[in-house]
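Order of writing sets the chain letters: A, B, C and D. Residues in each chain are counted from 1.
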């Protein structure tokens, strides 16, 4: 691969990653966090092991999309991507071998087959796996329509599926090159400061316009987490979520409003363990072009605030987990 | 490839098709059809050639997604799929060469590079291309946000993008095997009658749950068309579309209602040339699993009607274009 | 008052009725009906007495809007209207005295002061009252905003407030004249058959376009009930309600669709006791004109079906409670 | 009437005002303002006289709800309320006679009968009228449904109807007492500062939770205007309006967001003439209680910002028209 991370025009893209499968979230207030995800977000508990509970949105096809783990801190344990085939998993493992980023094979997690573990340049742990357990609902959670994973809960926000996550990192460019070269993610939008520093990146392996984002950590810390996002169907669902968070005493940091970047209709809250959680509409905007040219936002453009003029709240630039 | 169309488990999927690019629609009432698409659907004219006008939704990234052609009949001229790379186009051309389905290379259409043409087993014309012209809006149609193809029109239904099309065919199974083996589409849902006849199929090359559907033509005709679908953002947009169609004297065949199959929230109308046009929400439901197991609907299940109990209107089973 | 029920142009309207307060619903399957209203409709239990449970939507300002009573049949026990003042209650009682429709004063119901009872020409029981108990939520149901009666439940359909009811009657005209002359309701829309028979009426005492409707009972029975309606905020909420009813095995009779009459976006289901229940959007359309001229729908117009062309389902014309 | 404006409990309310009919808006940029209201707001021109154009939303039943007048400044010309009957108009005129607030009878405006003019304590001009011209659409604007005033335009924001207006005033209490005593408006919510100063009031003559608001003018000026509001059906319509304003270069001051006061889902922009215009959902929340107890917001409560935590933008407190 070219050393600068620019894909050779003659070379075909890598299609080995299927999608973001789940992430592990750490919380120092396990019981309150669990209540938040089950009662307020409307998620379903689908497993337990050690000091973790596994949770899911009603449209997640795998057994879980969130592993909530009791810890003495907040932040992210790991993120996990499913590959498109067993061969794809082997190819990614081979590509990472000797790269300095690999950790090695593990036996995987609940319902998850052989797993290759690595770290991004900022130190976040990444799991790659193919074998997975499809969710099999108990009788009381069987859906009316057979093309749906689980009965719609109609409880709290009733989030549909895991949509994306956002990490903080000290060197965005290094992380972009890592995800492009080793995992085949495509950059769809980015922020580039006047001095050329890459300050934010949005990458995808699917037709969603991003499966994750990384933004600059100005504290000099490593491996920190910005937020995870669950999808609902439409903007009205996000507004209703705001009503529900308000009624349940959940701290709303900012939103609902529309990001200029990616045009996501966002709402950010803090779960009781201190991690930032987003509810967003997802799906209306798809990137179908196989040769999408990344959108580059300048410092001046970012200073304009969000799409409809809302000024970005200061904590959005400074707050991550674990706190420093 | 295995003769029965079942992909060998050891073999990896084909990822050569990026997405449905456009279709050509024939109309015997050109002026009225054009008014319908521009004034009522809210589409933008982006080209003219011969007896055709090229049209687009505001979020279509290519120059156009609909070629409307004056004709002495209604129906579909062709459908066109963009490949993921130039190499992918060559691979598909090679796979089709000598298959009996190929027509051969053409110079393409407006803004479209070298094109390989073939026919499905029912005779519908299919174009494959990679090179394409990205839409460059004139000043008055420049969007406020640089990650959007065109200014939101706020005129009529204001459809977002081409979503899918639906053809009629005499032999669904033959068409399924064709699309699986030669083009790498994946089946996500299908209807199988009690006698084993495949009566409907929904296939995708993307994370959308389908890029096209084929349903059984009970008239014995070949190459007929059922409908094309433009996407809007949410179900409320579909309801608003119904209000707009009502106000503009457009014939509403059925809906808005929710299909059990694919859970599409649908609304079907006839454009002045007689072709069926659907407006649907699109995007909330994505197929992220690379190994999705097709959902099979039985005769008994289909007889239950649509998701919320609406009986399927008779003309939906019988009416296609051109009429027979 | 003029004998034909036409208000004298020189005379000013009566403004004595404030709004529909509640209704009593009879059910032969009390436990299942209660589960339906609490778990599926998302209502809150706010009282109990004898064989009745009192229920409310989260935005009903009075203690309850539905009295659910165990019975050996289905149907309506009574409807209750709140007057605008104590004097207004006295005026209505005086107007009804000696009319043949009065039943007399009662001590009222749970949280309800002195009540004047009468019957409409079809025999339905009507209660008039002014004193009422405002809902005082227990601590766990206190809302975040002080201008709201109760915390938003985010459970099931989460209906907002009682909107209207619909009775069946043998003589619509007689009932219209009764409600105009004795209670001051205004007719906003009606159905008049080709032979001059009034077949449906929609009347209001508020800026809502109707507080109740009466439609023709073709069975020759008296005092029967067609449906009660709870309001949600928008059409998307009605669609979501359809999803929730489907998931919970509730029989959906027809909808969601838009009535031509009153433009209500409707969804009709049967609760376990057999009574028809509607969920509708409510509020967008207001009648502000103090001299609104009633809209008259002819037989031919009604035969066109609902607003977007849905044919009216046969049971909608024939099914009422109690069944005959 | 009691001098302090508190209605005597033994006395019945006044029901003489039906609703806000229209307002006259002054603009120093007439052509641009007209384009804004027609092309962006989606309103319909329904009359012309002198240097004014008359405009309407598609659900306004009267001929117009906005009189746009070329002027050398911005601000409000007058507001006009329709009474419930000719007698009600006479009663209000008699009550105002000799009050010091009356201006006297005028011949009314386009399509408007005899009009009694007065001024509120802050000097804003108020017209009272009963006779009015109902809107009669030209053939191309005839609606499909006969219970609707005009064809839905499907152009720009496509506002439904005039909802309310907001004036600035030096003495809120004086204005409240004026509207209660002379016109019979009811207070539904208010802001009272720690020192007892009334700083905002929301009043209604309908089941809408307010027909107008007055807020404190901190500049010491008189007769200034804060904003006018057009209603759309649901919150998604307000979000769509934000998209449309963004695309059309309209300055968005704040929103969309939810007010804690009245729970209005708001979006504020400036029209080209400098006047603040709001688009809001309207109708879901109704005040049905005839004896609604006004909600009083304290200084501390107001400092919390809007419902979901948005801090109130400074210009919202300071900017009015005409500018000072």
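We take it that a contact is a pair of C-beta atoms (placed from the backbone, for glycine too) under 8 Å apart; a residue touches a chain by one contact, two chains touch by 3 or more.
Bear in mind the structure is a predicted one, so any value in this text is a computation, not a measurement.
> What are the mutual neighbours of subunit A and subunit D in this structure?
A chain counts here if it touches both subunit A and subunit D, which gives B, C.
> More contacting C-beta pairs: B-D or C-D?
It is C-D, judged by the count of C-beta pairs in contact.
> Roughly how many whole angstrom separate the Cα centroids of subunit B and subunit D?
Measuring from centre to centre gives 47 Å for this pair.
> Report the inter-centroid distance (CA atoms only) between subunit B and subunit C in whole Å.
Whole-Å distance between the two chain centres: 45.
> What whole-Å value do you get for the distance between subunit C and subunit D if each is reduced to the mean of its CA atoms?
So the centre of subunit C lies 31 Å away from the centre of subunit D.
> What parts of subunit D, by residue number, touch at least two of the other chains?
Answer for subunit D, listing residues that touch two or more other chains: 145, 234-236, 243, 246, 307.
> What part of subunit C is in contact with subunit D in the complex they form?
For subunit C paired with subunit D, touching residues are 12-13, 15, 18-19, 59, 61, 82-85, 87-88, 145-148, 160-161, 189, 206-208, 231, 233-236, 260-263, 281-286, 288-290, 292, 295, 297, 301, 307.
> Which residues of subunit D touch subunit B in their complex?
Checking each residue of subunit D against subunit B gives 42, 143-145, 151-152, 154-157, 234, 236, 243-244, 246-247, 249.
> Can you list the residues on subunit B that touch subunit C in the complex?
Residues of subunit B touching subunit C: 234-236, 239, 242-243, 245-246, 252-258, 265, 307-310.
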